[in-house]
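Only one structure is covered here, and it is reproduced in the block below.
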Amino acid sequence: MSTQSIHGIIGYTITPFDSEGQLDLPALGHSIERLIDGGVHAIAPLGSTGEGAYLSEQEWEAVAEFTLTQVDRRIPTIVSVSDLTTAGTLRRAQFAEAHGADAVMILPISYWKLSDEEIFEHYRAVGDNLGIPIMLYNNPGTSGIDMSVDLIMRIVNAVDNVTMVKESTGDIQRMHQLNLRSQGQLPFYNGCNPMALEAFVAGAKGWCTAAPNLIPDLNGQLYTAVNAGQWDEAKSLFYRQLPLLDFILRGGLPSTVKAGLRLTGLETGAPRPPLSALNAEGCHRLQRILDDLR
Amino acid sequence: MSTQSIHGIIGYTITPFDSEGQLDLPALGHSIERLIDGGVHAIAPLGSTGEGAYLSEQEWEAVAEFTLTQVDRRIPTIVSVSDLTTAGTLRRAQFAEAHGADAVMILPISYWKLSDEEIFEHYRAVGDNLGIPIMLYNNPGTSGIDMSVDLIMRIVNAVDNVTMVKESTGDIQRMHQLNLRSQGQLPFYNGCNPMALEAFVAGAKGWCTAAPNLIPDLNGQLYTAVNAGQWDEAKSLFYRQLPLLDFILRGGLPSTVKAGLRLTGLETGAPRPPLSALNAEGCHRLQRILDDLR
Amino acid sequence: MSTQSIHGIIGYTITPFDSEGQLDLPALGHSIERLIDGGVHAIAPLGSTGEGAYLSEQEWEAVAEFTLTQVDRRIPTIVSVSDLTTAGTLRRAQFAEAHGADAVMILPISYWKLSDEEIFEHYRAVGDNLGIPIMLYNNPGTSGIDMSVDLIMRIVNAVDNVTMVKESTGDIQRMHQLNLRSQGQLPFYNGCNPMALEAFVAGAKGWCTAAPNLIPDLNGQLYTAVNAGQWDEAKSLFYRQLPLLDFILRGGLPSTVKAGLRLTGLETGAPRPPLSALNAEGCHRLQRILDDLR
Amino acid sequence: MSTQSIHGIIGYTITPFDSEGQLDLPALGHSIERLIDGGVHAIAPLGSTGEGAYLSEQEWEAVAEFTLTQVDRRIPTIVSVSDLTTAGTLRRAQFAEAHGADAVMILPISYWKLSDEEIFEHYRAVGDNLGIPIMLYNNPGTSGIDMSVDLIMRIVNAVDNVTMVKESTGDIQRMHQLNLRSQGQLPFYNGCNPMALEAFVAGAKGWCTAAPNLIPDLNGQLYTAVNAGQWDEAKSLFYRQLPLLDFILRGGLPSTVKAGLRLTGLETGAPRPPLSALNAEGCHRLQRILDDLR
């Protein structure tokens, strides 16, 4: 499949655990069906929302394989394969490719801050040994590493299968620069929920978000309005869903989205410690925000 | 005049100096006429671009009075009256009111960081003694003080004539919050040039900018396209002028705008030291950017 | 007098105002005598503590002249002459020299962030027209401009009478670098009160502080212990006075020091708005801290 | 063994890899002997320097067990056991205890930023199930999480076996506050190499450092001078070794220390990608710095 098909609302899955803290794959299946029923244009497992960083290798593989089987190519699947080591990242990327992923997403997580050269070699080492597209992901808020637009363009130009960029800094100027320097040819995606509206007007091709777990209709309607050039409608839809977008971002996506799934009838357990479940006050606030959106 | 009339492209004037470093009021007159001819919807003297912070009190008054006389109510005039002391700010605000300003703009500049309470009292002390609207201005990049949305809303709610907010952090979330918390009732204006497009889609009522000194047509066309709901056109116009917007912001507005005025035929001298004139390489780059826009 | 004589405890004066907000020079005289009686090794008027940034030019000159007359060369006087413009800074520096200052202190305050080149030219323009030593002052917390060690060394090497550096970032590494790069030849002074102990061990020649307005004995004993190589005693003295040093820094020096002077029997009025007087709770806490030191 | 015995120079081991990237335990044994011969007062495997974050669980256990066997209680061993999950951290801590560690070190690494409550529960969950002391480790530069002094004191007061704090922010004020709030009763250790001198004067009980892999004599002499109250000597020794301390910190400890070991005759391989070996220019500079110290 071509990169061109990745666009619109890219829905991030949570990773459900049972009461013992073990993977709950049936619940994952339900959550995937809810996302697809909700109209997302692609599915992204094992990302920040999916607690990919907190899984054992065996668990990671189980989730990746299960998700790809469940989606079954109805829509594209983009698997987050970031690992602390380059070898581990490549191994996961190849696993995803072997099991039918349409693309992989790579965030340069690390313990030590990486130099530009180290980041470049990291992407090159994976890209050179992979047959599917890579979405480069910049999110200093979780990775501690902020890739400059210069570095991103250097990687995109040198590594053939790095064909997409997900930008989550929340700084709209990054998207402007990606657009200007690529003469509008590099597809970029927004990973900052409360910037969904402006990212689209700046030219983002898609919105990477966990929100469709809770409000798929509003997310989809925003994209539809944008595509139809109905900006007053888009603005109105955006401001309507903004309180939820702010809430899930500030509270931590795994905690808030899992709480929201429970409030809407799907039990997916608590995040894995040290991450904690949303507390009672938070759940109450979330319920009110969801009620306001009905 | 009502606050409602302040909207669209709000053009900031530079403050011309002659070769001796003295005020050059005739050149100021020319630059004001260029802005009005260029179609700006309001004029804002003595702001960041206007080197208001670097003038003696006598010079400040001369520029304020000259500008108000020159504009002569053809369009609204918003005078920046920020001073390090509350007393000085009030004195300037009253001077502006007495000479016919439609509104004043106040940035809480200081040497010591101010507490929220000190900032609140600063606005209240001026507002309680003034008969025209105040545009509250947040620009931590120059003032060193970042007013939270909480504080801004507190001031707006408590001080009757603080009726407008100019936001220059470049963080679109501030505008979202101003909009959400005021139920869309508080007019906010964008002061970050490279965010012009997104600020409008988020609901900004105007764009405070020095760019019309150099490219008034492109600025105005962007606003027209936005108002007509032609977002593809707006996006195209925005990306076209973005290299210039980036350049004048990064190079410092007084230096770059004065250099640009010279390149376009109006001599307004150099900024006042320690600010320096744009160097030869910068002038060359600016010339190329301007050429590309013709 | 030579730069060599500036060392030890350099006491910063407040600028007293009467109940009308006008200069109270007799109170200034009293505060200077208290500092000298308290054993400070030099006096520094019109700095951050002295609200130099909030005075009219006339007031500034009155304070400078009065202080120099009052000190009357009993100990060195270092006058802070920072102004937003280069011309204003030079004018103040020459005024200080003409009235007998031993040195001037210059912080590159500005409204627009200055480039390294602009800062360099600022110091050169003043230095080339002055006959007394300049203490370069780095304090991004108030000035918004952080001079790198590279830039500081460049200025020190190029401008003959920039012979001392006051460092107030609170980052001990800056002092290490100043020491290493000058092979220990550049006198540096600490302007961060809660780093007094470590700055001395790193090689600082003096401590620029407003604390001697309130606890001159403890300040002086610390310096004495350091000079005698009694580091256990120095450590003990430092930790004893640290709560006060923290308090006056966090609360803003003009507010807290003026409050402390009142609590110790010298009325110097309130800081000039927008700065506010220390509130009742703060005064109560300050009283308890002072009581603990008796 | 009691916490009291952990003091002085705490030497961090690297983790050697062979040319295939596999663990090289014999080289680890040599490096441990060099540290002990060099006079360190304790050994700390699997920390930042030891690339603990980049090892598989099997490798991690092999290094922990081998190190404890090699040291064989000649001096205390403090094993870094940080893992992304609470369960993994506890498992490693119990492994270390079972194999004879004197203490463990825990840094709250994570992918998502943790709330104070989550961090607190993380330490409590481990502490409640462990029989040896825990050194709480704060290093936002690698973990992305900065624990306030308030939070640290709360954990220390609530979790019995959190008995030591390692502070690596490089902000001396943190140590001051730990000292003040614990009335000097909480042992704190410095993890910021270029702050070694000042941390000791502020009261640090030890210096956690990888430098003894390269310059054990200078490190030890500094501690000896400090303990003897010879501060002029300590200052001189500190400034002498500072260029090396700066260099290894800025270049990343695994890369620079492994390069330095090679330059001094012990081959320990390259760091694990994405970390890269020190480049030729860096090696040349490091050689010169080491030569200057002979």
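Going by the order they are written in, the chains are A, B, C and D; count residues from 1 in each one.
Criterion: a residue touches a chain if its C-beta (ideal position, glycine included) is under 8 Å from a C-beta of that chain, and two chains touch if they have at least 3 such contacts.
All values derive from a computational prediction rather than experimental measurement.
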Note to self: subunit A rotates onto subunit D (CA fit) by an angle, in degrees and to the nearest 5, of 180
Relative to subunit A, which chain has the most distant C-alpha mean position?
C
Same or different interface residues for subunit C and subunit D, judged by whether over half of the residue numbers are used by both?
same
In whole angstrom, the CA-centroid distance of subunit A from subunit D equals 35
When centres are defined as mean Cα positions, the distance from subunit B to subunit D in whole Å is 52
Just give me the whole-number Å value for how far the CA centre of subunit C lies from that of subunit D.
38
Which residues of subunit A are in contact with two or more other chains?
none
Determine the shape of the graph in which chains are vertices and touching pairs are edges (line, ring, star, complete, other).
ring
Chain pairs satisfying touch are A-B, A-D, B-C, C-D
Subunit C partner, complex, touching residues on subunit D are 170-173, 176, 179-180, 184, 194-195, 197-198, 201-203, 229, 231-232, 234-235, 239, 242-243
Subunit B contact footprint on subunit C (complex, rising order):
21, 48, 53-54, 84-87, 108-115, 117-119, 121-122, 125, 141-142, 144, 252-254, 272-276
